[in-house]
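After this come two complexes, each holding chain A, first together with chain B and then together with chain C.
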Partner chain A sequence: MSRASLAARVLVLAVVAVLVLTVPGWAGDYWTRILTGVCMWAGLALAWNVLGGYAGYISFGHAVFFGIGAYATAVLMQPGRHWNFFLTLPVGVAAAALLAAVVGWPTLKLRGAYFAIATWALAEAILQLATVVGFTNGSSGLVIPSFASSSFFYYAMLVAAVLTFLTTYTLLERSRWGYQVKALRDDEATARSVGIDTTRVKIQAFVLSAVIPAVFGAIDAYWITFINPQSVLAADITDQMVVMALIGGLGHSWGPALGAALLFVVNRQFVAEFGDTTSYIAVVGALVALVVLFLPDGLVSLIPGVRRLGLVRRLLPLSRPEAERR
Partner chain B sequence: MLTAVGFDPRTVHTGFANGTLSVVGLEIPGLRLAGFVFATVATGLFVGFLYFTRTGLAIRAVAQDKANAGLMGVNVKRISMLVYSIYAGLTGMAGVLIGAIYAVTAQVGPQYALLAFFVVVVAGLGSVLGVFVAGLLLGLIQAVVTVYIGPSYTLGIVFGVLFVILLVSPRGILGRGMAV
Partner chain C sequence: MSVLEVSDLRRAFGGIQAVGGVTFAVQPQEIVGIIGPNGSGKSTLFNLVTGVYRSDGGAIRLLGQDITRVAPHRIARAGLGRTFQIPGLFVNMTVRQNLLTAAVHGDWKAAPARADAVLEQLDITHVAGDLAGSLSGGQQRLLEFGRVLMQDPQLILLDEVTAGVHPRLREIILGAIRRLRDEGRTFVVIEHDMELVRTICERVIVMDAGQIVAQGPFEEVANDPHVVEAYLGRPVT
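Now for the complex of A and B:
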């Protein structure tokens, strides 16, 4: 790279960084809130992408981990206990990691559509469980002592999203472990034959992709100040992550974040224009169909020089080619 | 869908709606009996089609191995399209019955999709006998849990059972499904 273009890059990055860091100052409440959501969904889509895009396991149950983080924070911050918010984070993360490890060990033996159905069933079972056990207060939900500072939540989500990106990027694109995960996705038998402990790598990827949503769930609960099973455990949270990762670019290091930003802003604009999100779902449906048919590597593949992985055709449970079955 | 038909639950009104039939001391609501008969006949016809016609044979061949079926002269693309339309048609028929028995909104889809997954997975992909067993099991679990434990536990337990069966026996409870 020539010196001039390097300088130009640094300059652009610096301007973007300053703009991003000063959002609460110039964007106004409405856009600050939307950008907070963008950060959250970007982080969630990146987390889902660890398992879906890199390890090749399409999970339809990731809302569970988001919900666990949210519930850990909400339960521990109830008036009787009132823990500090930051102390509740590790609890949610630990719970999500534990669940992911325990559930992942048997579930990750399944492949393709079976894994997707198993995670979906698990998510639905836990959603139903949350409506009947005592400490979640059932479907009436929990109210969390509010902390009304939109800039705090913007920065919290921003830091979480940036850390998510740096963690996933370092681990998956710049480490031996990243190669192991991708090898496992591309051909599990071969990965095993060259000495990769695929079971361990799969579970590690599952745990990594589970703890991140727990963090965002915790911040989200504190931000929204009210949660119930439908708002933090429902399947549409998972669906959003899947669709965002898919539209942005499955298996790409920052593509899912791009998809998340685009879809979330579109979603909010639909709410602002029409007052509901049902017409948004129709648009997203059409968009997903178009992307799968004509742009299988997502929006990032429009950028020249981005490597095409062709993962959609290989991984989506219902469109798996026969070559996979051996 | 939601934009087109709105959020209000709707019911389908039929001539059977209020009639009941008494069979050896059991009161059977006419509508549900009609649903049962209809489902049995539709399934029977479908199984017959699948196992006793050339097209049915082609469908099963495609399910086993697309490439080989293609080599044997099966038009894989056409068969896939046919299967998809049959699937959509059968689901639509089931939808009519469900609409007659329960209230429906445009949002009922996913929940029934999950129950359908339950039946298919528990049956084992591609096993028709398994579908009957699994359907019966699903109905029993729902009814028993609703009566003896409580209606709010039903779905949780159904999905818990689905999850466990997937882990323990991914080829279905009869072990006849296709390999994972």
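Now for the complex of A and C:
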């Protein structure tokens, strides 16, 4: 790369960084809220992509981890407990990690649609549980005292999203562990034959993929100031993560963030225009069909030089177990 | 000490005895060929030794260590590398990344240089950035063999490693096998190419119906009536 080209890149990055860091100052309240949501969904889609795109395990239960983070914060910040928001974060993260490890050990022995169904069932079970146990206050939900400005939540989501990208990129694209995760996605039997402990790597990937949504769930609960089971544990939260990763680029390091940005902005514009998300859901359905048929690497593949993996067609259908293939 | 000791190894699938009481040992720096007609139990034997299948009975020792019913990744880390009859590749990863996956222990920072050396040795540097799934059949076998080299195991099991491979690539693989043997590695090779077996194997084990029917130098077993029967179906005279 020539010095002029490098200087141009640094300049562009610097301008983008300044614009991103000063959003609350120039974007106005509406767009600051939109961009706060973009950061949140980008982080969630990147987190889902760790398990779905890199490890090849399509989860339909990731809302659980978002909800655990939200509930940890909401419960601990209730009047009478008065926990500091930042102290609630590790509690939600630890709970999400523990659940992912415990549930991952048996369910990650399943593949394809079987794993997807198992995670969906887990999410439904936790959703129902949250409506009946006492500390969640059931369907009535919990109100969280708010002490922070909208700028705080923008920066909190931004920092969390950037850290999510840097963590997932470093671990999955640059480390030995990342190669092992991708190897088990492509051929688990062969991965074992080269010495990879696939059970351990799968559970680690599941845990990483689970703790990130817990962080976003916690920030979201503090931001929105009210949660109930439907607002933080519903299946449509997972569905959003899946379609954002799918449309952005399954298994690519930043594709899911691109998908999240596009879909969340479209979502908010449809709500502003039509008052609900019915037409948005129809548009997303059409986009998913188009991606599967014509753009299996999602929007990132429109950018020159991006490698095409075509994981959508391989991971989403019922794939044959390796034991049958050999 | 033998590199590999297999004692009375047995495995049945339903009513079929795929491997029925197989016993043999492989000494350091040997290249042992395993031949036999299709369905004779050769690949099942490999899958038992590498932990892919659990045995019904018998024992397997690798470098003096009992590896019977040990998980495949632990066996690989104990010093065993293998290739598959159908090349097992990480098709959505590049050739270089495929090699790097095999660097499961040791200095990770040194792994790229080792991968480059393997690429050069096997003459596949020009496809290092290509996805493994886009390679020709012969290149895929070469890559799988290269991944075993990255593992740097003591014992290497090769399952039809030159099947469908261009003669030029075949020579590269054979050259690498001989060099590695001279450096102290041990090989067990399943092959249908009798010329290759005759050329590189010091000893041949012949399997039929899940059992060893003959073993010894190639010239000796080629004239063994049990071997002739196994291949041609003629009665022993």
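Following the convention adopted for this analysis, the second predicted complex is superposed on the first by the 315 of 326 C-alpha atoms of A that agree within 3 Å, B and C clash if a C-alpha of one lies under 4 Å from a C-alpha of the other, contacts with A are read in each partner's own complex, and residues count from 1 in each chain.
Here, a contact is a pair of C-beta atoms (placed from the backbone, for glycine too) under 8 Å apart; a residue touches a chain by one contact, two chains touch by 3 or more.
These numbers come from a predicted model, not from an experiment.
In the superposition on chain A, A:Tyr114 makes contact with chain B only, while chain C stays out of contact range. When the two complexes are overlaid on their common chain A, residue A:Arg185 makes contact with chain C while staying clear of chain B. In the overlay built on the shared chain, the residue A:Arg176 is in contact with chain C alone; chain B does not reach it. Of the two partner chains, neither chain B nor chain C is touched by A:His62. By the touch criterion defined above, A:Lys202 reaches neither chain B nor chain C. In the superposed model, A:Arg268 makes contact with neither chain B nor chain C. In the superposition on chain A, contact is made by A:Glu124 with chain B only, not with chain C. Applying the stated touch rule to the two superposed structures, the overlap between the chain B and chain C interfaces on chain A comprises residues 325. Chain contact summary for the complex, chain A toward chain B: residues 106-107, 109-112, 114, 117-118, 120-122, 124-129, 131-132, 235, 278-279, 281-282, 321-322, 325.
Remark: chain A residues 175-176, 179-180, 182-183, 185-187, 189-198, 251, 307, 309-311, 314, 325-326 touch chain C in the complex.
Of all residues in chain B, only 1-3, 65-67, 110, 114, 117-118, 121, 150, 152-153, 155-157, 159-160, 162-163, 166-167, 170, 179-180 touch chain A in the complex they form. Of all residues in chain C, only 50-52, 71-73, 76-77, 81-82, 84-86, 88-93, 97, 100-105, 108, 111, 131, 147, 151 touch chain A in the complex they form.
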